[in-house]
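Per-chain residue numbering starts at 1, and chain names A, B, C and D are given in the order in which the chains are listed.
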Amino acid sequence: MNTNIESVRRPKYINPYFGGVLLGLLLLLTMYITGRGLGASGAVKSAVVTTFDKVAPVHTESSTFYSKFISDSHSPMFNWLVFESLGIFIGGLISGAIFGRLKKIRVEHSPKISSKTRLWAAGIGGILFGIGSQFGRGCSSGAALSGTASFSFGGFLVMMLLFGTGYIVAYFFRKLWI
Amino acid sequence: MHIHELNPKRTIVTLVIFTAIIVIGLVTLKSPRLVFNQPLNETIEMAVWDEGSVFPYELTDVINGNIDTVLLVDLRNTFEFAQGNIPGSENISSVELLSEDNIERLEDHKTKGMCVVVYDNDQLHANGPWMVLRQLGFDNVKILLGGYNYYKQWADNLDDSYSNDAYFKGTPQFDYNEMASSANVDEDDASATKTPITVQRKKKTNVAEGGC
Amino acid sequence: MNKNYIYLTVLMLVLAAGLFVLPERDNSKQTNPEDLMWSIVQPTRFISTDVVAKMIIERDPTLELIDVRSEDEYSEFSLEKAINIPLDSLTSENYQNYLGIKGLKAIFYSNDDIKADQAWVIAKRLGFDNIYVMKGGLNCWMKTIIEPTQPNETASSEEFELYSFRKGASIYFTGANMENDSEGTKAVINVQRKKKTSVVEGGC
Amino acid sequence: MGPLIPQGIITGGWDFVIALLLGIAFGFILEASGFSSSRNITGAFYGYNFVVLRVFLTAVLVAMIGLLYFDYFGWIDMDLLYILPTYLTPMIIGAIIMGFGFLIGGFCPGTSYTGIAIGKLDAMVFTGGLFIGIFVFSEAFPLFSDFYYSDNMGNVTITEVLGLSAEVFTMIMVVVGLAAFWVTWLIEKRVRKNINPYKFE
């Protein structure tokens, strides 16, 4: 076995089961402290609301969807999930630094597609995920992970359907990934 | 060879720590000394239907010493108890009611099929302790209507209190609407009508017959 | 495959199976009997009719009057802005939403104080705080607030003061009720119910 | 005892500090497990890397079991826990849209943040897409606000819907999860023989 090739192929990731147990314990701790699970997409929602509250305040106030998140007392950015997402970023930074993955800006893609295709796909995927996460009342961490762990029916539903859809449509997008 | 096929030492360690936390939780879990054995709906039914109450006149036999299956318990403090009590009663103040000794004694009485009648100065003060005992599962505990104050009034002729129902609670004594809507209260003072109340009176029995 | 994975698998199964062998522990969320008894022994749960009258007159926003009599009795007569929670439906979730609202003093009353006190004991067992009992109930309310008796001439000045307060309250309540009667409408009760979700809502 | 914040044991400005710390731990675990790479994530759908399934399922199992034990010990009052409300049809549609987004974009919001942290341009574009997606949703919201709120089942739990006790459901999940770990292990081994090894970046 050639260890040199091996180390290129196998970056320093922690054992997935170890990561899983740690994540489960973290989820428990979060529930113990806050009474709710972890989340991620809520921060982007806050960012959207903040941006358009700054750009077009009247519009934001009249919009039925935005107005749910606007209050006079504090900015929507001053929000639990925003701080948590900031933490996710910092945590990623720390981990990347420790395991030596913190490098220059780059695009990761399958050899079969160009960087441009990958970026287009990422953008479209992001838009779809953004829309879907609003209907689903949360993304894969907020709804699927935390929801299922707290025995919410909706969370379980989202988890099954999210991954189920993934497997059904995987064939059509295989070029992007294999 | 992939990363997850390596020795999951740290996974094992973390999961063992997690298990240890659970085991510690199990070990340190203290089971409560007292638990409510009466389901809530039964408690409510008991409250709604006034179960488990004892009428003052039912006590005559107990006081005269004709029945020894009934134990009277005075829930007031020792000072008040010393000032006067129903003959044959025992003093356990509400504060000490749930102490280990007293619970043991109550359990003893329950197994012997004894009936325990608790009272305080009035029904209201005995109500809480009585309900707690009932909810703990002591269904042989009853409450004395009217309390000690009523008893004191009628101590000499307790039997006659059968025809008096001043100890009844829970029924309206006035016609509220009529009273509250009278604008000229002053003139109405004298004619404060006491509407006759028809209370379903229990057949005249004594406590023990009611079955504990 | 590493042998440790087999240990991990077994450990997970054991942990999950352990959930089944836990002995039943039903009442963990209710107030335990000792604490219940402790709060029963204290007389702080009783509030006199005078205090209640004063709170109503001053429109105290923290007051939440709860009538534990039956619906019929409630519809016939009730105190201003009282909510009806019949004693026998105290355990239904629909009514429990009225209890335990932050910042509100829930005061139970009935014809007398016994039924209200029983409701109090049950609610306390269920773990609700900030609940009280109006001492004497409606009977006492009628005797003290609506038709107060004049103290003897030898009585202390405090008693006379109390009497004059009660007289005023009497006029307040009987007068107010006159208006209500003529309009034929009951005062609309709008108490903010507790929402079902306990934590802030919001996206993922 | 818990949860601390809903019970008012922790109050004031501390919750934002806690949010930051919990977020850091979350981000660290995600990145360290390999979720900052979209090819790692989507590997689960093509059989060459099941890291998502492993981390995700293990976390759910541990949290479920822990939650039931902690509730039993009285450490976490499950009645005070936030139960995600269920809006049946919108959630089904949303999950399907997210499934497409997942497969095309290769990230989910949380993992894309860690991707940005280690300098992935695609993760940045994905997050930009998220922003646009939520903006589009908000702008078009009046068109489907009725649908958005339809089929509200309230804060129902799995146990209420399926009529299983929480213990039984957890046991089923554990057995299914462990079986899935074993099956995916075999699949992964076979697929890896036929696939060109890819370089992690």
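Descriptive notes on the structure:
Here is the rule we go by: a contact is a pair of C-beta atoms (placed from the backbone, for glycine too) under 8 Å apart; a residue touches a chain by one contact, two chains touch by 3 or more.
Everything quoted here is computed from the prediction, not taken from an experiment.
Shared contact partners of chain A and chain C are B, D. The busiest chain interface, judged by C-beta pairs in contact, is A-D.
For this pair, chain C with chain D, the centres built from the Cα atoms lie 41 Å apart. Between the CA-based centres of chain A and chain B the separation comes to 57 Å, rounded to the whole angstrom. The mean-CA centres of chain A and chain D are about 8 angstrom from one another, to the nearest whole unit.
Centre-to-centre, using mean CA coordinates, chain B is 20 Å away from chain C.
Multi-chain contact residues of chain C, defined as those touching 2 or more other chains: 1, 8, 12, 15, 18, 198-199, 204.
Shown for chain D are the residues in touch with two or more other chains, namely 6, 51, 54, 61-62, 66, 69-70, 72, 75, 80-83, 85, 109, 155, 166. Among all residues of chain B, those that touch two or more other chains are 2, 4, 6, 8, 11, 15, 18, 22. On chain B, the positions that touch chain A within their shared complex are 1-4, 6, 8, 10-11, 14-15, 18. Contact residues of chain B toward chain C in the complex are 5-9, 11-12, 15-16, 19, 22, 32-36, 40-41, 43-45, 47-48, 94-95, 97-98, 123-124, 127-129, 131-132, 135-136, 169-174, 176-177, 179-183, 185, 188-189, 192. Listing the residues of chain D that touch chain B in their complex gives 51, 54, 62, 66, 69-70, 72-73, 75, 188, 192.
Chain A meets chain B in the complex at residues 1, 6, 10, 13-18, 21-22, 25. Only residues 1-2, 4-5, 7-8, 11-12, 15, 18, 27, 30, 32-34, 36-37, 40-41, 73, 76-77, 87-88, 90-91, 110-115, 117-119, 121-122, 125-126, 135, 138-139, 142, 146-147, 170-171, 173-175, 177-178, 181 of chain C touch chain B when the two sit together in their complex.
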